[in-house]
Every structure is written in structure tokens, then in C-alpha cells.
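Each structure below is given as C-alpha cells.
Shared between the two complexes below is chain A, which has chain B as its partner in the first and chain C in the second.
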Partner chain A sequence: MNLSRRTILLAPGLGYLALFLVLPCLIIFAYSLFERGTYGGIDYTLTAGNYLRAGSSLFARIFLDSVRIAGTATLVALLIGYPAAYAIAAAPRNRQMALLVLVMLPFWSNYLIRTYAWIVLLNNEGLINRGLESMGVIQEPLPLLYNEFAVVLGLVYNYVPFVILALYSSISRLGPELREASFDLGGSSWTTFRRVTLPLTVPGIAAGAVFVFVLSIGNFVTPDLLGGGQRPMLGNLIYSQYLSARDWPMGSALGFILVLIMLALLFGQAVFAHRAAGEVEARGVPAGAPR
Partner chain B sequence: MRTDPIRLWLNAHLGLVYVFLYVPILVLIVLSFNKSGLPTTWTGFSTEWYGKLAGNPKILAAAGNSLIVAVASTLISTFIGTLLAMGMEEGKPNPYLDALVAAPMIIPDIVLAIALLSFYTLLNMSLGLQSIVLSHAVFNIAFVCTVVRTRLKNFDRSIVEASIDLGASEVTTFRRVTLPVIAPGVIAAALLSFTLSIDEFIIAYFTAGAGQGSTTFPMQIYAMIRFGVTPEINAIATIVIGFSFLLVLLSQRLNREAA
Partner chain C sequence: MRAGLLRAAALACVMSAFGGTAFAEGKIVISNWDGYMPPELLEAFTKETGIAAEMSVHATNEEIMGKVTAGGGQGYDVLFVSSPFAEALKKLDLIAELDPAKIPNLANLYPEARNLSYDPGNHFSVPYAWGTTGLCYRSDLVAAEPTSWMDMLKPADALKGKITMLKTDRWLMAAGLKALGYSVNSVDEAEVGKAKELLTEAKKSLLAYDDTTFYSKLVSGEASLVHAWDGWCNYGIAENAAIKFVVPKEGSDMWVDTMTVTKASENKDGAMAFINYVLRPDVHAWVANNILYKVPNQKAMETLDPALIAQYPNIGMSPADLMKQEQLRDLGDGQKLYTQTVTEITFQ
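Right after this comes the complex of A and B.
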């Protein structure tokens, strides 16, 4: 009786996800092992050619570009996000929630519009270039848009709120006691940060980093609009294989590789967080982080 | 309290982060009221760009389409997602179920987009608003389920048993006992899925088909941005920003009342 009730509750959701998530993913995995038909369809001949081509110089360059851009965006977002999250966690308790909502608020407006705002600011006739020109700082407009700089900036802008949120929950869980103990034992601010706070917030750093990296490397909109197609990333490559080149098997193989990268990172993050917790425990600090 | 230089530096940094986050948005809002529409010269206050929007049938049609898609996918996913959350909370924790529900939230959009397009094409399904609705429900079910589950975690199951012991049917118990308790979570989940759906671009773009009739609002915005910087986008941006901030504040209030 109880089992059937649970089955009734679970069936629609699990059925939906099986049909519209698992099955479609299996289909593109299967497509990635076939050849492209002459007119853009699927030629059902088994091949590993798509995966081999993914290693060719053209695709490998886009892979490396994507990793570099996503990696830079992750690093910058962490460097900006960590002190910000720390400042919020150190603010009076009754103000922390409002400060966090203020961080997350822009994120809730449309992604395209947030990206468009940077076109308005960065283009040759944009606010920054015209402002600097009128102040006489520059004669020629600076090349701010349609390059790697603009793509990294756009990614950081869109994802830094998430990093702050992840780091805040990690930092605020620490409580002041450990830091005070470190001060009492003669540790300077810097030593306390390096030896106490930073190691204990590694899981939060890893979570935030994986998040930004995964969202960045598969991004389509930002490299397209702010990079102007100059720096295509993995997401743009999949897009063009599907909609322009009409090579669905190749696009599917690239999509599958993207999922593998994502899974590897999530797995690595879980192991890393687990080990960090273990190390802290081994040093005699409870991992459950005192409140 | 001593005024620590590190503390001052941290707070200054946080202030700059807020400037970084809000200046681009504020610039768009200010420009939307600029008569010339140019980012560099202020030629006077005007609402002319909003008037242009109201007279643009393409934008209005796209907004209408997005509203249809968001409402339909929210209804489907709130229903299915809430049931799923209840089913998952009742049984033993199952890591495979957890992973399946987490998957649509972390899978890259572009991968879900090509997977669904391949699936629909294989089925020979006609593409349009209906395929966008079905696609958006995939990630929305996962988000609804997650939000409702956090609400159910604090739910005292003994009141359900009490209701059944007192002779109420399963349906009555759900309607009169369970639903009122989890309602704030369900409403917050519905607001979240509405917002996610109305903003979603890449999956809609892939699953909308070739017809002009199924262009959604983000697809229209994308087309306009690709076309070039036009002042009309500033007006759209201001409306969208205002609307989404209102939704966030609403769900914040709901959350606070629930807590």
C-alpha cells in the first residue's frame, strides 16, 4: 500500500526525466558514434571518427581557448568574490541577508540584457571610451569589446554572485571562535587567514570554482555577443556544428565531451572537499565546523 | 570595536563589487529615458522608446509567447515536481534519484538543447511553443523538486498520520494538511520556474523550430542585439529588470513568512 503510494508520487517526475532527459542524452551519445549523412542527416555507420576529430588541431585550439578563458574567469571571480564574501560574513548578522540579496539581485534579470549592458559600456562609441576621450586620457578608442578581455569580463560579471554565495555559506559557518583562538595563540591576521580560515573554506572555494568553470566553458551567449565570434568557445562550437555545419554527430560528440569534463570536475571537487574535511579533522579541528 | 584597516579594506572592496554589479544595469535604465538614445549625449528626458516598444508587434508577440511558455511549463513542473519531492522525501534516501534530479540543473544548457532537438527530430515532432514548454519543464521539474524538498524536510509527518487516523482520506489529508504547510515552498518554486523559463534562451532557440510564430522574448532580444545597439533594447531592459526585481522581492517576502 505504502509502496504504491510512493510509486504514484514518483512516477510522473521520474517518467518525465527518463523520457525528456535520459533518452535524449542517450540519443546524442549514439549519434556521436555515427557518421554525418551527405545532406546533414545521420548515416548509421559506426565510427570513432568524431572523437578523433575532436583532437584535431582546429578543435583542440578551441578547447584550449575555452579552458584558458573559463579558467581565467574562474580565477578572477574567486579573487573578487572571496574578500566580498568575507566582508559580508563579517558584517552585523542582521544585515548579512540584505547584503546577500543585493548581490544576487542582478543575477535575476535576464542574462542577455546583462550581457548587452557591457556592449553599451565597452564599444568604440560606448560610455567608457567616449568618457576617456572627452577627458583627454586617450585619443583613439581602446579595443575593449570583441576580444578575450570582454568575454572574461562578461563571464565574471554574470557568475561572481554565485561565487560570493558559495563562499559566504562556507565562511559564515566558521564562526569567530577559531580565529580568536588563533589570535590568542599569537597568530597574526595574515597567519590566521592562511592557516585557519583559508584551509577551512577550501570546499566552498572548490564548489564556487567548479560552478563558474562549468558554466563558462559551455557558455554560448557571452563569447558570441562580447567576443564577437573572435574567441569561439566549446558552446559556440557545438552550436555551429548543429545549426550551421549541420554535422549533428560531431556536435553530439563535442557535447558528450563537455558533459565528461563537467562530471570529472564535479567528481574532483567532491573528492577534494572530502579530503580537505579529513585533513582538518586530522589536525584536531572538528570538521563539522563549530557554530 | 576597533577599526581594523583590514576590515576597512574589505568593506571598501565589497562596495566596489556592488558598483561593478549595479553600474551596467543603472546605465541601461538611465539611457532608456534618454531622448537621443545615445549612450554618450543626454538630450533630455523622454519616454519615447517605451512608446516605440508598445507599437512594435514583433516584441509584443514575443513577450506573449514567453508568457505562454513560462506559465505552461510552470504549471506542469510545479505539479510534477511537487509530487516528485513528496515521493522522494517519503522513502529512504536514494543517491541515484538525487543524481537524476540534480542532472538537469547542472547539465550545460547547450547539451540539453541539442539532446532535445535530436529527440524531437527523431520523433518527427512538430516544433513550436509546445516543444519549448516540454523542454523547459525538464529543468523546472528539478528546481521545483529541490525547493519543495527543503520545505518538506522540516515537515512533521505525524500530523499526516493524525489526519488519517481521524478518518480523512489521502486526498483530503493532502488538501487540508500537507498542502497548507508546504504552500509557501510550492509558490516559491513556481515563481522560480516562471523566472527561469521566461529568461531561458538557448534551449528555446534550439527547440522553437523554424517558424516565426514561436519566437520567445529572449530570442527576440538576442536578434535585436545581434542587429546592433538600439535604444529600444534599453527600454526592454528596464522593464525586464523592474519585473524580475519585483518577483525576487515577492519570493523573498514569501520565504520570510514561511520561515
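Right after this comes the complex of A and C.
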């Protein structure tokens, strides 16, 4: 393929990215350097004040809270998603598709509806508390809603399918040969998993983890609805600066910081995946396993 | 099914015959809060006046304010906003001077509604609904009937974790300011600072901040006492008669939701015809029955069924009593202090 044809083929995609990703990010960055107008909007006076405020203890704490909540959600999603992906990859080929469709099934309904459904389940008069009470397990309703637990639960629930898909593609690519070889050489199931399957699926783990983390840390619907606004995250802060406080420059500064975090994470993940693929090839195992 | 199809086809024919240019040019776009108007109102308006109207919704004052300041009001003809926002839009020169000759039904309003502090004489805004903010509670779940803002801000132990508060900046701040005896429009840093301290402390006893579903939390029993707009408390009363509303003894704010016409409107006559239509006693009474808020229309209020007022006592609050509360005003530059303070309280 000559250069000009490649350019032509790439142009629409790259143009799209430039127009709808790079340019908006640059606009956000520009806004973040100005002051807010009295009634919202931008007052074109240069200032570093937004970034200084972003570093204040209040904002730093929300940032750390968000990292902790998103990190917990990521960990839990991996712990749930890995066995599920492993089981799907190990299922007979003709059933794998059906299982994957089941994993994607929640996406057929709206995110908000699914989140509200959790409110119905978790509230004091909800199905879970009512059920446990009628069985006599508890006397007082458990505090399941409007706390960090509910937020993590909501995030895990919504993003676990992404983890399963990322891990499934990573695990199913391995094929049975390497595991069989490990068994032939006397490795137990556990040893085989720990020393063969797990290391080879690290890129899938990293991809799934970054997915959940990035989506979680910017999420504002779940912390608002399930956390009752009591556990606000970075996404809520940005949302509030744009829509309630009408402080676009502050929202832009926070948004730009979030973009930088995500870029760093995605870059790290790409480097990680590249290195893992390189190692596998260096050991003489083709990256895309043979069929 | 078939009939529906036929009707749709017939409608399409009629629309293509009469629609086209005449309607397209005259069409007005109205932005209101979702569910803050009978759904059939626009249709009835179009049927009567021949002016096509389209509904757009906003969730908050801030949202529509953001859209209008960003786009200069293009694409909208009538905006429903709370009075401080109408005042701000006027200062930004985004809303138009109204022509009283085109809104003769202004005469149906209460005298008080013609002379509101932010716009005496209704030069740029027409009140649509008005009321106050207070405590909405389950009388069967609270040990004592609340009477003071402090019953919410420094609650008894039994109420802790059973309270929600509004987090929209003006109303969150108003609760703290009024509890301390200050003005709801205070921009004095010391006063705002004290209110912030009180509200930050109060946050510890909250179940949640909630601007939209607080009444359903009362109905379900998750909350026993919520910070609420009077009319919105009525949605709870509708489902549970044990729910009551009280204006705290320290006083509260008086808010007015207004109708305004954008300066960018290309059909200001149509927009004013719409406002005039809403102000017709039967239409405005229809609104009151539908949204369960007090409307500032004397002729409309006089036609309300006494049973409605018996069920929702706050609808019966007289304009004179309402005027005893403090009218919310635009804070100008002071708004920055409020939004920063509210960010610091709610994200604490």
C-alpha cells in the first residue's frame, strides 16, 4: 500500500479524532486558564487560580476519594470478572457466544433505569431489606444505600461486562496447548494457572482494569443516585462546576486534570501490553496463539 | 391501531397543507422544567391561537441559564426561570421588554404579583408560580412537629440520617442564613461564613442532598423530614396524608418562577400570546390543579376547588402571608461567593 492511499484511508478517522477529541480538549485547556464571568461564561482574564484551587485540600481529598472508590470498584470487578471470563473461555465453543450475549444483556436497558433499579433493591423499604426482615435475619434495615458501598456496587455492576469481555478475549486467545504442556510437565491446576495462564493474560487484566478505572473515576450518575451525593467523586465535582456553579473555567481545569490522568493510565497500559506481548514473543510463543 | 394510523396520515396531510411556511415561521419554543406544566397545554394553546409551539425542558435554572448565555438565547422564545435568574438574564440583556398591551391578562394577577421587588410592573418577567421553602415532614414519624430551621440543621438524634436538604445554591444557603437571622440575599462574608459552618455541620445528619425525589423518600419512609419547596411537598402529600409542610418560624425565602421572552426570539408576539394564554383564569387554574403549586393569578385561584386547598393547605397560603417571606434577589458578583461556598459545603 503506498503512502497516499494510506493517508486517504486514515484521514477520516484521524480527522474525526482531531475535530471531536483533540480540539475539544484544547478548548477545555484554554478555558481552564481564564476567570469565570459573573453569570457563567468566561471572563478572558488569564489566571492560574483554577489550578491552584484544584490543589486545595478539599479538591485533593475528593480526588483521593475518587481514586479509592474507582480503585476498589476496579479490584472487585476484576475478582468477579476473571473467573467469569475464564469459565466462558473454557465453555464449549458453541455456547461461548450465548454466554457473551448474556454478559452484554444489561446494556439493552438504559443506564439510568438500571441504576434506579438498584435504588429499588437497596433502600430501607427495598426488596433486600424487606426480604431479610421478613425472614427474621435482621431487625433494623441494613444501610445499603447512600454510602460508599452502594457507589462501588453500582460501578462494579455497570462495568463488570467490560472486564469480562477484555479478559475473555485475552484468555480465549491462549488456547489449550500451553496448559496441556504445563500439565504434561507435572504442573498442578493451580501452578498452571499461576505460572502460565495468569502471566499471559496480564494485558487483558490491564485493559479491563483501565477500562473500569477510567469509566468509574469520571462517573457522576452513580455517586449521585446511589451515593446520595454524600460520596461525591471527581465527575460530580466537574458536573457541579459546569451546571450548578456555572464556573466553566474551574470545571475545565478539573476536567483537564482528569483527561491527563486518563492519558497517563492508557499510555501505561499500552506500554504494559506491548512489553508483555514482546516477552511472549521473545520466549518463542506467538502472541496470537496458534489454532 | 388502524384508526391511529389513519389519524396520523390525516394529520400529516393537514400539516403539510397548512403547515409549511406559515407555521414554521410562527413556531415558538418554550423551555420549562420537566413536568411543570400540564402536558396538553401546548396543544390547547396551538388549537386556540394557531401558533405552533414546541416544548423543551430544563432540569435546573442553571442549566437553561448556561444554554442561553452560551447561545445568546437563540432557538428559544419563552423561558421559565426563577426570579433571580430572570433578573440576571435582564442584566445580561438576554430577555426582552414585555409589551403590556399584548398581555392584557396581566390584570388577572394579584396586586402583589404586579409589584415584585425584582421587577415591579412586570417589565421583563411574568410570575407563573410562586411559593416558599420550608420543611416537609412525616407527622407520623417525627417525635415533635418541626417549627424551626434548627430542627433540620441541628436535629434530634432520632432524626439523624433521616433528613434530606436541597443543594441548589440559593436554597441551601437560605436555610443556613435564615436559621441565623440573616437575609437570604446576604453577601456579607462573615454571615455567609457562619451559615457555611452551620450547614457543614448539618451535612453530617443528612441522608442525602436531594432536589428532585425528596418527596418519594418521605413516602417510602427513608426520610422523615426534608427541605422542600412548598408545591413539591404536595407531591408527597398526594401519596401520604401524614405528610405536612411548615414554614420555619425564622422565616424563609419567597421564590417566584417566571415566564420571560428571549431577546433573540423571532416571534415575540407569539411568545407574549403564550404568556397571555397561561394567564387566562381557566388555564392558570388548570396549571395549579396540575402542578399543585400556588399560582399568582387571583382570578384563577378564586376558582380552585376548596377540597384541593383542604388537601394541600400550602396552596391556600394568602399572597399577604407569602409576601412576609423574603424575596430572592440576584446577587450579582456575590453569586461567586455562594457557588464556591456551596461547593465547599456539599463536597466536604
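Methods note: the second predicted complex is superposed on the first by the 262 of 291 C-alpha atoms of A that agree within 3 Å, B and C clash if a C-alpha of one lies under 4 Å from a C-alpha of the other, contacts with A are read in each partner's own complex, and residues count from 1 in each chain.
Please note the rule applied: a residue touches a chain if its C-beta (ideal position, glycine included) is under 8 Å from a C-beta of that chain, and two chains touch if they have at least 3 such contacts.
Everything numeric here is computed off the predicted structure, so don't read it as measured data.
A.B. asks: For A:V221, decide between first (touching chain B), second (touching chain C), both and neither.
C.D. replies: first
A.B. asks: Just chain B (first), just chain C (second), both, or neither: which does A:Y242 touch?
C.D. replies: both
A.B. asks: Does chain B (first) or chain C (second) touch A:W108, or do both, or does neither?
C.D. replies: Only chain B; A:W108 stays clear of chain C.
A.B. asks: A:V160 in the overlay: touching chain B, chain C, both, or neither? Say first, second, both or neither.
C.D. replies: After superposing on A, A:V160 lies in contact with chain B but is clear of chain C.
A.B. asks: In the overlaid three-chain picture, which partner chain does A:E125 touch, first (chain B) or second (chain C), both, or neither?
C.D. replies: both
A.B. asks: Just checking: does A:R5 make contact with chain B only, chain C only, both, or neither of them? Give me first, second, both or neither.
C.D. replies: first
A.B. asks: Would you mind checking which one, chain B or chain C, touches more residues on chain A?
C.D. replies: Looking at chain A, the partner in contact with more of its residues is B.
A.B. asks: Identify the overlap between the chain B-contacting and the chain C-contacting residues of chain A.
C.D. replies: Chain A residues touching both partners: 123, 125, 242-243.
A.B. asks: Flag every residue of chain A that touches chain B in the complex, lowest number first.
C.D. replies: Residues 5-10, 12-14, 16-17, 20-25, 27-28, 31, 80, 83-84, 86-88, 90, 99, 101-106, 108-121, 123, 125-127, 130-131, 157, 160-161, 164, 189, 214-215, 217-218, 220-221, 225, 235, 238-239, 242-243, 248, 251-252, 255, 258-259, 262, 266 of chain A touch chain B in their complex.
A.B. asks: Please name which positions on chain A make contact with chain C in the complex.
C.D. replies: 36, 38-41, 58, 62, 123-125, 145-146, 228-230, 232, 236-237, 240-247
A.B. asks: Within their complex, state which residues of chain C touch chain A.
C.D. replies: 60, 62-63, 65-66, 69-70, 88, 91-92, 167-169, 206-210, 220-222, 332-333, 335-336, 339-340, 342-344, 346-348
A.B. asks: Name, in rising order, each residue of chain B that touches chain A in their complex.
C.D. replies: Against chain A, the touching part of chain B is residues 6-7, 9-11, 13-14, 17-18, 20-22, 24-25, 27-28, 31, 38-40, 79-81, 83-84, 86-88, 90-91, 97, 100-101, 103-104, 106-112, 114-119, 122, 134-135, 137-138, 141-142, 145, 170, 195, 199, 201-202, 206, 218, 221-222, 225-226, 229, 233-234, 236-237, 240-241, 244-245, 247-248, 252.
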